[in-house]
Amino acid sequence: MSGNTFGEIFRITTFGESHGAALGVIIDGVPAGLPIDMEFIASELSRRRPGQSALSTARRESDTPEILSGVLNGIATGTPLAIIIRNTDQRSRDYSNVEHIFRPGHADYTYNAKYGFRDYRGGGRSSGRETAARVAAGAVAKLFLATLGVNITAFASEIGGVKAEKFFPEEIEKNPARSPDPDAAAAMAEAVAASAAAHDSIGGKVGCRITGVPAGWGEPVFDKLDALFAHAMLSLGAVKGIEFGAGFETAAMRGSENNDPMRPGVPPFVTNRAGGILGGISNGDVIEFTLAVKPTPSISALQKTVDDKNTPRDLEITGRHDPCIVPRIVPVVEAMAALVLADCALRQRCARLD
Amino acid sequence: MSGNTFGEIFRITTFGESHGAALGVIIDGVPAGLPIDMEFIASELSRRRPGQSALSTARRESDTPEILSGVLNGIATGTPLAIIIRNTDQRSRDYSNVEHIFRPGHADYTYNAKYGFRDYRGGGRSSGRETAARVAAGAVAKLFLATLGVNITAFASEIGGVKAEKFFPEEIEKNPARSPDPDAAAAMAEAVAASAAAHDSIGGKVGCRITGVPAGWGEPVFDKLDALFAHAMLSLGAVKGIEFGAGFETAAMRGSENNDPMRPGVPPFVTNRAGGILGGISNGDVIEFTLAVKPTPSISALQKTVDDKNTPRDLEITGRHDPCIVPRIVPVVEAMAALVLADCALRQRCARLD
Amino acid sequence: MSGNTFGEIFRITTFGESHGAALGVIIDGVPAGLPIDMEFIASELSRRRPGQSALSTARRESDTPEILSGVLNGIATGTPLAIIIRNTDQRSRDYSNVEHIFRPGHADYTYNAKYGFRDYRGGGRSSGRETAARVAAGAVAKLFLATLGVNITAFASEIGGVKAEKFFPEEIEKNPARSPDPDAAAAMAEAVAASAAAHDSIGGKVGCRITGVPAGWGEPVFDKLDALFAHAMLSLGAVKGIEFGAGFETAAMRGSENNDPMRPGVPPFVTNRAGGILGGISNGDVIEFTLAVKPTPSISALQKTVDDKNTPRDLEITGRHDPCIVPRIVPVVEAMAALVLADCALRQRCARLD
Amino acid sequence: MSGNTFGEIFRITTFGESHGAALGVIIDGVPAGLPIDMEFIASELSRRRPGQSALSTARRESDTPEILSGVLNGIATGTPLAIIIRNTDQRSRDYSNVEHIFRPGHADYTYNAKYGFRDYRGGGRSSGRETAARVAAGAVAKLFLATLGVNITAFASEIGGVKAEKFFPEEIEKNPARSPDPDAAAAMAEAVAASAAAHDSIGGKVGCRITGVPAGWGEPVFDKLDALFAHAMLSLGAVKGIEFGAGFETAAMRGSENNDPMRPGVPPFVTNRAGGILGGISNGDVIEFTLAVKPTPSISALQKTVDDKNTPRDLEITGRHDPCIVPRIVPVVEAMAALVLADCALRQRCARLD
């Protein structure tokens, strides 16, 4: 029921606001015996952390994870892992100027409508900072999936209209755009810089490729593997769409063009327009999906809005904001994908009698 | 955990295979006192039923729903409603020719991989026929939502590359394509006919517009309203993508272009690029999303495939199949949207102290 | 959330009223490949069925189960099993005399309070008849558990103050009291007959012994094995208490008297005051618990009550009622125990990395 | 699925080991607008804390709760509340002597069997210390229930065979036994002292009385109110049984003796043998149940046991242990009862159309 829990067997519950004391997560269902590499968790958080390049906000969070339970001598015990991340950069500032104003493109208006009021400090729980807890949990999921040979790679496939035309996975972490195409990376960075210079922001697309998933994961009819990925990804505030394999292009295709022919082999598919999923179950091929990422709603250009008295107001948002969220969302997408797959891996353990 | 249950408070669990004895659903959480209009449920099933036009398969299912529980004198009692739909058109045919062959674009290979074997009779549970149970449940959800003023309208926004350019909701049920643009409807039908003549099938897009949802529905951070819709829609076998509001177009937009300016009013938005959802919570505006629907994988043209001995095989699929699934998926999309919203409406009853 | 669903992986959802069209259950999570023995399911239902002896109601229900899905050629396919049982003995009688009167000891008053009205026909969903669906599902769980060597035996340990002093499991089904002590069985039957002759009913206790459960089942801290059994058993309307192993006697014991000493062996326990569960996890020993079963509230003696206008009324309940529910609840207790254990068996598959 | 989550709408997830860094809980579903009284939470934790009298262990835990999220200016915001309690009294001791030995009556053997190894430091997650997180969450549930007029009172009804014969609720917190009968309190304390002097421990019973619950709470058929209480209470390690109202005494009663006659009024019951619950739904009367609490398994007397090589070992448990857990479990029982009721109160908000 709770909107702050995700997964069935490998299951996380998160908490925390942008400007509260701490963010955190309880991870239940971590198989006993899994080695927990704290440095890996910290490194994943570091990938999400702001302030790493000109493309992201200058807010500095050390984002140091602390494990409170569930691990003995570096090994998961089978009891829940709790990880917290203190908010160390809570500038003691005056929020009175935004307390009553609704920022366009933000959740200010809707949180107010839902709860009767809202935590106005930096967006509260609707802040992207909430995803730090997901990344910490996703790192644990990745540790589990690594024992099964699963590898997840997300990347900027498009920023500000600039498309990555090549896919060199080893290049992704080498450029601030997280582009797998080093040639496109520079143009992407320029697009971001241009929008920032215009007191504006810019959107893009994130791709995700997953290898090593065996055929058989996913739980029809409602918890199909693609349905779970879609749930996971659309739970990220900036994501406005998702497509699997050939995705929206299939709308204009014929069946003979879209069906992936089969031939002897494992996996037995000649092409992969399905994106590695058939009937909601992994088919053993590479899983591929793409996300639409909207431009950051926080812009310093003047905007028309209203306050909570329904009075028109002019707004110029100050402070530290990402001119483009695409590069920073990449590790979050990987984390959510890992959480989906860790859960499906365990669920599949129960599918058959033997 | 179960992959055959959807929803938290207003919750359905479905069962049934294409060629088994019956399909059905248990609907738990229907508020006591809701009048249950059996004719409406039957009429919704009739909208999904095959054999209604040249655009859909000739298979004839009477699809008569039978309510087994939960209703007294036409009123929901608060106990679970069970509805079953007998499979009356199970042709006693010989399946031995497909029992061991994997149909491209179908779930044959993946069900085998997951469970070790599969129900080869007409696709078993992976058949689109499974959605009849969803439509029956969705009809009950619609009855509840109608008491709240919520109205859901899905439609064919594109078929075979032909786009609906106008939106006349009253036209949708008047043409076999379920196009809101009567001018486009004829071209859509021609596109379907052309693909059928070529022993092929064709894809398209389905749009959905929902009015009357108040601001405040949806449960951050994981059960955001858009995340729940995405989960629901991607659980339909033919759907390969979803986008909300401006969707994939936002990838090339700037924040100043994408943010919906606000002005006094209810809802207070000048435009609706957000698609009626902000921060995962309904904002009171029209909810809008679009789905990519792949071409039906069952085509009678010759296809290359393999059998369960990994031997190459040629396949020509015979029998009754939809040359385009778009028109028939329209009521299913509405049903799934209704299930999401009925659940969110009840969850919102618990959000505040008063 | 739904109150009509039980279990996490091996999960059932039930429906049905005493005098509706049918009762039934969807069983999700049955491992693919499990042979489904329909005769066994029917025989378990037959054990619960009324009209078998002078100790139970004369109501005649054929209780024939029909499987609607999830089985192919006698083997579970991994998709949900749906089983329905038609209500064939719905006497078309006039309920107007009880429609507005609350029967003492029954749920009439509370259903009214909860839902605003109630299904007054034979108790509706609060009728013990609802448990037929549990027995059908429990039979499937037993089939799964049998593959693991688990055996569940419930029995009347006390009726009307008469205690079973011996435990001969093969005697249980041979006497109408379901007493494991053939000597006590006759006295138990006399106690029931005496209460019936007095237009009254009588209570008792049900014991349950489970062998073959390996050490390790149960999910601390909230889904401890005993907590799940307690949940399952107290969900039966007639059950007013449960105790495990030495149970309430431990309240007056010292630790040195209650702790089970350990010695080399499997299981390594000298005694079994723990009832086979330590820290909420099975310890490999026999699992033992006892239930308090209240006397049937439906008695034909005159009772003081009120109607839904809060007016005092005299009530004499007519019709067919069990003078003692203990014998008939025995197979229901076994069914619920089986459902708990089938779920725990699957959950344990996910506990460890290897 | 997760065994560390309890509740559906008002839902908690806990973590933490006896000798780890911290214990804690995430409480999801707290209605927005609820004032959060931190001093009350601290005072409830203080009631559970050890070292308060000669009847409990001398271990000193400050048990200071820290709220990390979900509260703004003292008011719940609708987002999850996280509370952590640092373990400040982790004596850095040598556990090598117990690392491989199984303590009788403890979960050592079963945790090993379940997970392949265990956290041997002070019992790890199977320690009673885990319940501190429950008490913190239960305090928040009590704050919510107080707005509805619900009052929960648990107490020692029996210790070491000494029964409380009177019920003066204001006396409970005034004596170290937490007896509602001040005369019995002294004899209870003597029983505890006698068992401690004998290097032993002693068991007892805890009663619970709940007033102010309106008729209508509880969710048939599986989540009956008594089933949920039973689940909650048996999830406490020391509890071996539960009975509602007349409980096990009903086993020897006739229906005419057990049924509570009804007369005009609210609630309309002359007696309360049902314990305030009929058909799994609260009936508006006082809810009453009693728990069997086993003697603390940790005793310093010599015990026979085995180690993880299945070798016989003699064991004398040293360190700080409660000679009787009954007084300290009283606030934990109240907390679990509060969690059950807070959840049911919210679920009932969804029961009816209007």
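Chains here go by letter, A, B, C and D, matching the order in which they are written, and residues are numbered from 1 within each.
In this section, a residue touches a chain if its C-beta (ideal position, glycine included) is under 8 Å from a C-beta of that chain, and two chains touch if they have at least 3 such contacts.
Nothing here was measured: the structure is a model prediction, and the numbers come from that model.
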item	value
Number of steps on the shortest touching-chain route linking chain A and chain C	1
Chain pair, B-C or C-D, that carries the greater number of C-beta contacts	C-D
Between chain D and chain C, distance of the C-alpha-averaged centres to the nearest whole Å	26
Distance between chain centroids, defined by C-alpha means - chain B, chain C (Å)	39
Contacts with 2+ other chains: residues of chain C	1-5, 8-9, 14, 29, 32-33, 78-79, 114-116, 125, 220, 347, 351-352
Footprint of chain B on chain D - complex, ascending	1, 8-9, 29, 31-34, 76, 78-79, 144, 147, 220, 346-347, 349-354
In the complex with chain A, residue positions of chain D that touch it	1-5, 8-9, 11, 13-17, 20-24, 26, 28-29, 32-33, 66-70, 72, 75, 77-82, 84, 114-119, 121, 124-125
Contacting residues of chain C [partner chain D, same complex]	1-6, 8-9, 14, 102, 104-107, 109-111, 113-116, 125-126, 130, 158, 160-161, 195, 198, 200-205, 214-224, 226-235, 237, 240-265, 268, 270, 274-275, 277-284, 292-299, 301, 303-306, 310-312, 347-348, 351-352
